[in-house]
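By letter and in written order, the chains are A, B, C, D and E; residue numbering begins at 1 in each of them.
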Amino acid sequence: MTSETMYILAGVLLAALAMHRLCTARDALARILALNVLSVGIAMLMLLAGRVAGVTDAVPQAFVLTGIVVLVAVTAALLSLAERISGGDDD
Amino acid sequence: MTEAYVLALLPFLAAVGAAATPRMAAIWGLCATLINLGASILLAARILSGGDMRADLGDWPAPLGISLVADGLAAVMLSMTAIVATAVALQAMSWGLVQPRGGQQRSRLQAGFWPLWLATLGALNALFLSGDLFNIYVTFEILGLSAVGLTALTGSRNSLRAAFDYLAAGLAGSLVFLLGVALAYAAVGRVDLAAVPALVDTATGRLALGLIFAGLAVKAALFPLHFWMPAAHSSAAPAASAVLSALVVKGALYLALRITIEAGAGIEVLRIALAVLGAAGMLWGSWMALRAERLKLLVAYSTVAQIGLITLAIGVADDPSTSAMWQAAALLMLSHALAKAAMFLAVGRIAEELGHDRISGLNRTDLRPGVAEFAFAIAAVSLIGLPPTAGFIGKWLLIDGLIDRGAWVWIALLLGGTALSAAYLSRVVSRCLRGGPHVAPGARRPEWRTGDVAALGLATTALALGLGSALPLTLLNGTAL
Amino acid sequence: MTELLPLAILMTSLCAAPIILAIPERARTLRTTINLTAATLKVGLVAWLSIAVAAGGEFNLRLGIAPGLDLHLQADALSVLFLALSAVLWFLTTIYAIGYLEGGADRSRFFGFFSLCVAATVGIAMAGNLFTFLIFFELLTLATWPLVVHRGTAESHRAGRIYLAYTLGGGLALTLGTVWLYALAGDVPFAPRGVLGDLPQTAPLALTAIFVLLIAGVGVKAALFPLHGWLPLSMVAPAPVSALLHAVAVVKAGAFGIMRIVYDVYGVETVQLLGLAAPLAALAAVTIIWGSVRALTQDDLKKRLAYSTISQVSYITLGVALLSPVAAVGGLAHLIHQGIMKITLFLAAGNFAEGRGVKTVSAMDGMGRLMPGATIAFTIGSLGMIGVPPLAGFVSKWYLGSGGLDAGQPMVIALLAGSSLLNAAYFLPILYRAWFRDPPEGAPVKRRIGWMLAVPPAATAALILAAGLLANAPFSPLGWTRFIVSLEYL
Amino acid sequence: MTQLFDALLAVGIVGVAVAALFANDRFAAVGAFMVMGFLVALSWVRLGAPDVALAEAAIGAGLTGALLLRSARRLRVEPKMCQSRWSVAASGLISIGFAGLLYAAITSVPTVPAYPPLVAERLGESGVSNPVTAVLLNFRAWDTLLEIAVLFVALVLVIVVPVSRVRPAPLGEMVVPFAKVVVPLSVLISGHLLWQGADAPGGAFQAGAVLAGGGLALVLAGAMRLKKPLQGGILRATALSGLAVFGAAAVATAALTGHLLGYPDGQAKIWILGIEAVLTLAIAATLVLLFHGSVRRVPK
Amino acid sequence: MSTVLDILGTAMMTAGTGFLLMAAFAFWRLPDLLSRLHALTKADTAGVALIVCGAACMTSGIAAVLSLVLCGVLVALSGATTGHLIAQASLEDEERA
């Protein structure tokens, strides 16, 4: 059980748990959290896929970085929509 | 290759301009749309004469850098987007060119619409041109986010709820797509589209393609995963729902078609799954459309049905290197985009004239059916796929290929779908014509507006496209197989 | 320049349609002038075309749509026959419709779709291959549907829905048959004696299935027995619609389609080889008898005429299905004769309804005295339908009968005699009531019949007489059909 | 010894993730999510991907956590959908099966990534020595441009279409001294990160995030009165300038070298650093505006 | 000389970890919010400070030491402020409840 397989297991479990939660949750915050955890799980798998002989390939790192920034943008949009739905201010 | 650069970059720069100067957003939007139309026509002409073009961005060769691929299929999709873009821009013009200062609700709708719409246009152009899977993932994100913006524009409670569900489902779909790309990277070590044929050999590669298709199914609102779509498309503003239904959904369908072309005959299981889901979607969408009470909901469910039809076409097409059946799917996409955009614009105009869009109340006798109802009827003809339209030519090519293979089940499903779509669309058109012999003396026909011109123009292009479908088909023949 | 003639004929009504649709409702004179100029222009062009075709001119226009698929407009002898019929009758019915709809609502919409219908009929006539035929055939459905539901009442919409269901169903069958044939035989142009080459030997079963699909698709509009349900119901439409469309354009398009399929797609030998002629003839016979029997019991005047149309059109199908040159001449001639006679009856019935509000047979007492002009036209039409010698009906029945003998089917004579008797049975009571009964006192005059409503039935009645008396003149319908059949059976 | 640490870290990550997903108290869930973010960042440092670790810590855990905390109190708790036990069990089984499939897929085929030799060979021409920055700003600059476009669209959705009047209440005066120390430090650190990005872990995104952190401290301290249109205007202009400048640079490179985003050879480093500087400011401004919500322009 | 520093460093780091473990234990056992808060901030800051010093001993080079000290200062500062804010917020909640 090298350390990489442990991280792969962690990544896989993160993704699966997040998918399960996504399918069963109706609450807005829970779905947003599940999406974020799913994205982190995928990022973990992406990095580990690019890891050969102890060196992590630079291109998946760029992919994960882009993924993180995209995710924060979409989460901000999701949160502002969710607030508007439950806030109900009369704009 | 400069047209491809213009197509990819111009909408984004115009979007920034429109966001920076909200009161002049319409001028930004109009100029960008017209230049975009010109560039796409030039690109199509260049491909017709010179064949495919490929440009490596930053002069870095394919696997490392990203390459913009402009071939027949991309050119057809780009010109489709450009035509619908011009019509939608025309419709949006009815909100006035320059916004008065302080105009409250209308200016927010106006200020918000143009940047989001230009971002959608830019994302679509980038998607059709891109030759790299991760790059396509980022374009899908832009597409999803700006489409949600367009849905939430009206600000009503149910449009916001629909927008939230749309964004959550869209993000989930994109993440599944990203997981597929990650697995593809794990399988073959590179993520550009040229690597797709290599994916088919290994088990991981096939799982990667499966995940990619699952992600696309969510983005394209294919049957079992379409729950978010009807609410979003029916509660958005008319111009916005035209864009959503006609173009945004096409991005995912285009990519599914592109991958089935690249992967060739290797992914039989995926193809059959696509075809089955498509057929189920077609029947279910038509069934829901038959029972829909509101016009916008009916048109949204008809989108579900038409997407099912297109996916069926993609699924049953033979191996692209041998037969040209995949072109039927492309033609169906083209005709659906034009017809559905025309239909949503017409529905917007009808709702504006009558004040509501309940199907039962469509025939108020003091208002005779005007141009919008006529545009709706023509768009319905090309959606059903009756002869003079491109939809009919698409179905013709499809059935022709299926008969060679003797696949009678699919043909029966196709004809059943056509009959069902005829049923639910004639329900609306006959309701418009129902007026009673003693039409009120003061009955008048609504006068012409820019919205009508856009809807009628699109509908007649969809109709005439059938006769002129030699052009897109020669373009499609030039696609890099 | 002349080879653009077919396109010009098509364009006169195809371009007129959107213009008329766009005209605002109150621009009455503009609409009337456009209608009339388009109609006269078409008659002139058709005349020019028929002279050119008679002199052996060839007209072919192609527009490539997809690899192996092209839109093909062709003017051969058979198409000119149908063209002449639709052009002349459209001209007369336009005049009638302008008068009939005076003061009605939605006239721009009516005349727009009216000229679209004729464009579709012209397109069907000049279709050069099965694909073009299919396009204009479906366009005809789309153009006629708004006319059927023109009145906008709930009942007309029920009829419209049934009409759409039948015709779209037929359209699907026709589409499937055409695609299947294209898949087997590549492009299917209309050429005398068929184009199927060696296919009957290699795939007889497929060809039979395709034949059934094609005939079913076309048969809906030709109102063959099981597929005729829509015709009586769509009598709800205004009189000009039921006159031109449901007696001439739509129904004849169906019959014309059967002719094209049997003569120019399959060819006489293939139909005989596959043994398809007998069932078709049987189906036609059943429709003839069944239509006449149903007509007996109809009290509504237009419904009775509708059932009589169903049976009369099957004469043409019978003529075609007998596969003998003489029967073919009879069938083709009947295409014209039945058109002229039926339109006279419908226009006269329209005048009765408009003039005196008389819609049913029982209310026809004494119409001879109240509206002599219309009743004379009606009488000439009815006698022609029965087949009284000097008139056009007799000519075509004569040729049909001798064609039946020539094809070794003596039973056809019995059939024709029987159906003529039935025709007499449902037409003569009407004439008896009109001429030999005195009108109820104080019958209200609903509306004075202007010249626009009176002239067209009279003109068509004159045509019946001319077609009967001058039968063997070269340009008479009979003469022209002999010319066609001589090409077909050489 | 290190394997034990990795094992502990992996188990820790999964444990905290379960807490984040299934905790029924919202703040506990958000807190667990932030902890998970930091642990994952740590694991990526262990996996030799420092750039990404920095970004995950700053953006993934820090900023997303701040956004979640801001919105957590305002979201109405939707009634617990009484899903039948069957559907929950079914989706649980499916996800476990999916996890097994995924694990087998990843471990079954040894990846032979095609990129490392290419990146190594072309690194010299790219103008920077840190491979990640080279990929982000040179080899796949088009991805980054589209990513900035994503930020732009999110900004439009939250700002131009004031979807919600989100305004975090300032947390009281105790934050002001804290802000006095943190803000200058964050400016210093972000400048350092930006400059260091060329040859060591760092770059525009990490620097932007740190700067945004400082901005957040200011906003929470209530010091930054965003009500006045001027201040809001400047912030909005810098936020929009990111995509504008990057797009203009792309057009300029296409004009100069004929290839979109192909920097003229020899000046790659100047172009990259120039773009990165603008991007840092733009990302910081965008993230602050995303946190702060719509700048309400007081209608006259 | 370096071995003495290494031994000193490891000793300090183990002490620091001990502090952190005690803080975690306290967090788990203590009943109400304020006492937990009190224990947490104190023990954490002390623990981190010890670990920073231990690491400083073991590393060479002034840059690394300075950045470690920076970490220590920041953790101390943020710990104090957040502790105060949470306490203030919980008091307000009690008044309002």
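We take it that a residue touches a chain if its C-beta (ideal position, glycine included) is under 8 Å from a C-beta of that chain, and two chains touch if they have at least 3 such contacts.
From a predicted model like this one, the values you see are computed outputs, not experimental measurements.
Any chain that touches chain D and also touches chain E would be listed here, but there is none. Note on connectivity: the fewest chain-to-chain touch steps from chain A to chain C number 2. Fewest steps needed to get from chain A to chain E, stepping only to touching chains, is 2. Put simply, the chain nearest the middle, going by average C-alpha positions, is B.
Across all inter-chain contacts, the pair with the most C-beta pairs is A-D. Comparing the CA-atom centres of all chains against that of chain B, the greatest distance is found for E. When chain centres are defined as mean Cα coordinates, C lies farthest from chain A.
In whole angstrom, the spacing between the mean C-alpha positions of chain C and chain D is 73.
We define each chain's centre as the mean of its Cα atoms; on that basis chain B and chain D are separated by 31 Å.
Distance from the chain A centre to the chain B centre is 28 Å, each centre being the mean of its Cα atoms.
Centroids built from CA atoms put chain E at 56 Å from chain B. Along chain C, no residue makes contact with two or more other chains. The multi-chain contact residues of chain A, meaning those touching 2 or more other chains, are 15, 28, 32, 45, 49-50, 59-60, 63, 66, 70, 73-74, 77, 81-82, 84, 91. For chain B, the set of residues touching two or more other chains reads 64, 134, 138, 141, 145, 148-149, 152, 155, 160, 179, 183, 185-186. Chains touching one another, given as pairs, are A-B, A-D, B-C, B-D, D-E. On chain D, the positions that touch chain E within their shared complex are 171-172, 174-175, 178, 181-182, 185. Chain contact summary for the complex, chain B toward chain A: residues 64, 134, 138, 141, 144-145, 148-149, 152, 155, 157, 160-161, 163-164, 167-168, 171-172, 175, 178-179, 181-183, 185-186. For chain D in complex with chain A, the residues that touch the partner chain are 2-3, 6-7, 10-11, 13-14, 17-18, 20-22, 26, 29-30, 33, 36-37, 40, 43-44, 46-49, 51-52, 55-56, 59-60, 63-64, 67-68, 70-72, 74-78, 80-81, 83, 87-88, 91-92, 94-96, 98-99, 102-103, 106-107, 111-113, 115-116, 119, 131-132, 134-136, 139-140, 143-144, 147, 150-151, 153-154, 157-158, 162-166, 205, 283, 287, 290-291, 293. Contact residues of chain E toward chain D in the complex are 70, 74, 77-78, 81, 84-85, 88.
Remark: chain C residues 21, 24-25, 63-67, 69, 71, 105-106, 109, 134-139, 141-142, 146, 149, 151-154, 157, 160-161, 164, 168-169, 171-172, 175-176, 179-180, 182-183 touch chain B in the complex.
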